[in-house]
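Below you'll find a set of structures to go through.
You will see chain A twice below: alongside chain B first, and alongside chain C after that.
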Partner chain A sequence: MAEEKVIVFDPLYCSGCMYCMTACSTYHQGSTSLSKSRIHIVRHEGHAIANMMEEDHLIFDLITCQQCDQPYCQYLCPALAIEKDPMTGALKVNHDRCIGCRMCMVGCPFGAILYDSNRKQVLKCELCGGEPQCVRFCISGALKFLPKDLSHLVQRDRFGREKIRHHFKKVEGESR
Partner chain B sequence: MSIPPGYAGKVLIIYLDHEASEILPLDRFWKTYEIDPQKWLGGDGVITKILWEDYHTAIDPLDPENEIVIATGPWTATAAPQSGRAMLGCIDPKTGGFSSGSFGWFFPSMLKYAGFDIVILKGKAKRPIYIFIDDQKVLFRDASHLWGKETSETVRMVREELGERYEGEIRVLSISVAGEHLVKYSPPCSDGTSCPGRSGAGTVMGSKNLKAVAVRGTGEVSLFDPHGLLDSSYLAIKSLIEKEPLIKLWREYGATTSLGTAMDWPISGAMLVKNREEADFPHLKNVGCLDCPNPCYHWLQIKKGKYSGLRHLGGHMTFLTVCLRNLGIQEFGEWIYFERLLQELGLDPASFSMTYSWAVDCFERGMLTLEDTDGMTLKRGDAELICEVARRVAYRQGKLGDLLADGVAEASQRIGRGSERIAPHVKGKEYIQRDAKVQALMWSLGALTSPRGGDWLRHHNVWELAFFPEKRDTYLKWIGKTCTEVYKESLERLDMPEGLKKKIFGDSQRVDLEWIESPKGKALFSVWTENLVALFNSLVTCMFGSATMFLMVGIGPTTYSEILNKITGWNTSYDELMRIGDRIFNLQRLFNYRIKGWDHKDDTFADQRAYEPAQMGIYKGRVVPWNEVLQEYYRIRGWSKEGVPTKAKIEELDLGEATKALDLPEEIN
Partner chain C sequence: MGSLKRQMQFVIIGNGIAGMSAAFAIRRLQKEARIIILSEDPNPTYSPCILPDYLSGEINRTRVFIRGFLDYLRENIQLSIPQKVVGLDIENKNVLLQNGHLPYDRLIIATGSKPMIPSIPGLDKEGVFTFKSIGDVDKIHTWKGFRAVVVGSGPIGVEVGLALKNRGYQVSLVECMERILPQVFDEYPSSRIQEVLEKNGIEVTTGERIIEILGQKRVEGVLSNRGKRRCDTVILATGMRPERGLVDKIIPPGEWGGIKVNHRMETGLQDIYACGDCVETASLIDERPILSLLWHNARRQGEAAGINAAGISKIYPGSLPMTGLEVFDLRAFSIGYIGASIDSNLDIIEERRNGGYRRAVLSRGVIVGIQSINWEEDIGFFFSAILRKEKMGLKKAFLSLRSPLFYIPKPFPLGRKFFKMETARIDIK
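Let's look at the complex of A and B:
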């Protein structure tokens, strides 16, 4: 089996353009939408709703399938329609078996599985066969496709560098 | 005619008088207005066509008869780069002529996901209301409790009232106090973020008692070749980012990047570094509208000074230019506060700043007295005073507020005393003044010929500014190349047929100071740029990233046609798309000619100093031969000596049927 990779997100790099979402729906659905995307950018737009001197934030975060090792969606599926792709390690919905009961949606702790009532299908991230379109279109570099055991590196690297910078500032201040 | 992929397929017409709405299939609407999508695309093209069919004579822009058209295009809300834009058009409250503005953030795409390509707002509501477009349902709601609220509070209250299920689900296009008080240059604002600036549509919305339009869209936009679209878009983005040397800076520093091109301000980094001390940038990258590869909004947080704690999403070019150039605001915190304040009040930065700047000049020359200014001593550089004046203008408070709220043209006519001769406007609309003798000739020519009055965004040719002699030591060094290298590369990459390039630039492969200084070839280059702007405003996509920005090597018509074909399944080419731009620009000119009689006599700067010799700099004593430049421009456009499109030109662009009733000149200049 090939190395299992997952989508990793760094909120500080996200530009909130949602290209990941439009690319996802375009690639899988054949039409562009934000509501039928298997990856979702959660937004808090503090700038648009806060008064002038009120402190608020502008935050983006990612909700998508984490490709869990103990997948509740798979456990709860009565039709055994959720299968692990042996090549990518992604959990895929077998639409021939799927009965549309949406129990997988109940099981997912992140709300990463959605239901498309037009097509009568549940949709979840299946890693595009190993070349995720969302990562391809993430120009700002917030999304990365990394092996599971390296997925902490993005956050660790940034946090580490910030810590060092903070430390240097402190030392500089003292030496003055 | 069936509806091609890429269009949502419905048109929403709202009758504010009766609080009623009507939903029409797009193809039927096209038929009524004789719109062939392959000739007009959407956005600005459709707005032009709708206004052309609906108005045959001049109207009072604040009359209920004036209608607001929000039009998306085939590009909007697809997976093409920078697809989060739409156009908003109406009859301009300042000029009485054609007006439209591009805006973004997520309102346009939501509208298309709700299933509407075009929304037309007609009539005047009997009470303050706002509209909620919930997919295919339309609700009219009372807005009397929202009247008098500023932008962000309106957005928050509307979203709360409509029961947003998750943040960003409902998008709000709202006006603020300036629009309510009918300040003549008020734009509406999309989610307190992106405004169709310069359109004056906020004033028109105010006159219609319409506080906001909210939209929730959960639908999809169909595509002809989705995977092909993704591949073409990816290539376009990659080549944009790799080709355009300034994009990297832009993505990190936002609009401050353009300091080098737009201002006499070296981009040595000093200002940026200082900013980092005074302000924090909690995000590492800029923030942008839907599908934007080079976002322009900066999430700022002021750390030092009086406005410590202020947060704002912006840092935009227009504010930056007017603040530093015309208002003399130097401190970073004050600049950001001013930007946020104008957004909250709903004032157009360019118009307000030019009006204020003019008022200072008048005050210094004694044309305005302390009595006119309510006892205030007007001057530049005093941010607190400027913000106070902005508030008074938005509420039309006192003598000064009421005077400046009407803009330069009307104010100068009202006070007289020779102030008309220094009023910075063309056809009644203010423009950010650049002296063509000292700086960009094409930029100024754009202000003269723009269909919406004195305005630079329908032209936006930065070639001269980018390769201006004084700039060579600043930002070109910053990107680590010599001027000749960059010029040569840019010339090669410019998305323009070789024959046309030769006509415009001659054979020179290096920065030709003579070319920069002389008017030769510039009219032709201007025509090309204007057509390009009309084109991408009809697709609708963004100016930032197009071939009119930075070094003019962004996304051009070749890429536009490639991506558009993937969206719609058409087979358009470079030439066809540029012809669409030409067609739209000509109909806008004709529209203004028909209802306002604008021709050569109106293509003039009100400010007489534009015609006098330059006072300083290396171009001291230089005069621009404006009449010759304009006549050459008319000739290239196929217009008569009077600046009116000729019959032959109209036939060539397939506008014949529409313009039969007009008595147009035969002879091209």
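Let's look at the complex of A and C:
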């Protein structure tokens, strides 16, 4: 089994360009429609910003599937339609089984699952089979595709970011 | 080379979701152990939650099954069906079958629930159905009828009514309480659902109690306290009760008639565990004993029972009531307790937006339940707030939890911040 990776967001670098959302909906849906994107960049407004100390850093936030280790969506699905992909570790919706009851949407603490009203089934981030298009098209470097054990370091401090930089250097060195 | 040590023998009674989860959980931890599932039902595991979709014809019969015989074979789980268990011999650790007995090292009881059947005359006539197993649905599929009376308006009653309406029946929903879905929704959401049902041609009457089922051999009508009603099909959806016939004399019943278990799904008898619809566990919200009778709870209970039976301690956090309904163009969800089930220090917060409605139930300032109609996008935040037992002020309840996803986006200001961020950009990739 390959190393399990997740999409990680670093708000320090996000410029709010929504390229990731555009790329996601174009890649999966065939049409550029931000509402059908499985990844969402949101802008904090009003009360959320008023409480912030360093407002520059945390204006944008990410809403997408976190590929939980003990996922509520999987427990709640009455048709056992949400399965773990053994290769990438992503939670995938099996569209042969999904009956569109939306219980997984209700159980997701992040609000990361969408409902497709044309197909009458749910959609969620499936990591594009191991090569997320949102990360590929992120021009500012805010989205990163990291192994699960490094994912907590992003927002921690300078040293966390340093460690991640080392990780990418190592990966590049290996591929060459 | 076979090991000399005798392998553990796990026996699971019941092949519903709880029994199946337990079996697969044991297999993950113990590769060599013998696992035997006994069940009266001749089918592999299926999902009762999607039976209404099968009844209405939206999905075909094969999609109801969530595991095939091949899956059991692959995991080396022995499936012995149909096999009736007649009793337990606890002293000698034996399960008594109709012809012989089966020894066990660990026993998991997952017998599930049975439909509660009211005591009214005329239940033996043709055309009276319950709605629990796939066999019941097959019977309704072959039955030819035009006018159906659904007795009871819990989530099962409403879903069966909708499915029969889809099949072309004329449906009446009869409820003896003063509102429909009495255990799942409070007054206002319940009245909204009733409105939509009536608008789409399903007759709903509340406060009506069925006294007798009329007819010679087939059903010809029902007699209630409001008079006679002609029909040719009667569906009894009056609720479910735990099936605890096997351990009736051994384990005293709990407060609600289920098998009482602790957080490790132990029954108190040595090496006997119980999980699924037949047990009574502590509630996740306030630790009072409740029957869950719901899919996701049974699944988690099954996993916890399997892991504990395999020798590793695993805590089941508790049951949480949770229901979702799709009634024509209306979507209704209810998580946790409703206002009517809380007797002291109750606060209700309601919010309406664009035809959507949301109602939070607070007890002593802690959120214990949420009901929503046509507004389910960010209800997951409330779900996790209930899990965390979050304390919240009355006014702030909605503000602090609303998802940022649904704010109206404003145009991005091309000002100081933007350029500052541009300069802070460092290429990492």
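Throughout what follows, the second predicted complex is superposed on the first by the 142 of 176 C-alpha atoms of A that agree within 3 Å, B and C clash if a C-alpha of one lies under 4 Å from a C-alpha of the other, contacts with A are read in each partner's own complex, and residues count from 1 in each chain.
We adopt the following convention: contacts are C-beta pairs under 8 Å (C-beta built on N, C-alpha and C of every residue); 3 or more make two chains touch, one makes a residue touch a chain.
Because the structure is predicted, anything quoted here is derived from the model rather than measured.
K.L.:
Quick one: classify A:43 as touching chain B (first), chain C (second), both or neither.
P.N.:
both
K.L.:
Just chain B (first), just chain C (second), both, or neither: which does A:140 touch?
P.N.:
Once the two structures are laid over each other on A, A:140 reaches both partners.
K.L.:
After superposition on the shared chain, which partner residues are touched by A:25: those of chain B (first), chain C (second), both, or neither?
P.N.:
first
K.L.:
For A:106, select first, second, both or neither according to whether it touches chain B, chain C, the two together, or no partner.
P.N.:
In the superposition, A:106 contacts chain C only.
K.L.:
In the overlaid three-chain picture, which partner chain does A:16 touch, first (chain B) or second (chain C), both, or neither?
P.N.:
Both: A:16 reaches chain B and chain C.
K.L.:
Go through chain A and flag every residue that touches chain B in one model and chain C in the other.
P.N.:
12-16, 42-45, 47-48, 56, 140-141
K.L.:
In the complex, go through chain A and note every residue touching chain B.
P.N.:
The touching residues are 12-19, 22-23, 25-27, 29-36, 42-53, 55-58, 133, 136-137, 139-142.
K.L.:
Under the stated contact criterion, what part of chain C meets chain A in this complex?
P.N.:
Listed in rising order, the residues are 47, 49-50, 53, 58-59, 63, 66, 295-296, 299-300, 322, 324, 326, 331, 333, 335, 376-381, 383-384, 399, 403-405, 407, 409-410, 412, 417-418, 420-422, 424-429.
K.L.:
Applying the document's contact rule, which stretches of chain A touch chain C when the two form their complex?
P.N.:
Interface residues on chain A, with respect to chain C: 12-16, 40, 42-45, 47-48, 56, 59, 61, 63, 72, 75-76, 78-80, 96-97, 99, 101-103, 105-111, 140-141, 144, 164-165, 168.
K.L.:
Quick check: in the complex, which residue numbers of chain B touch chain A?
P.N.:
Touching chain A from chain B are residues 77-79, 83-84, 109, 113, 150, 152-153, 155-156, 159, 166-168, 191-193, 218-223, 226-227, 229-230, 233-234, 237, 241, 251, 282-295, 299, 309-313, 340-341, 344.
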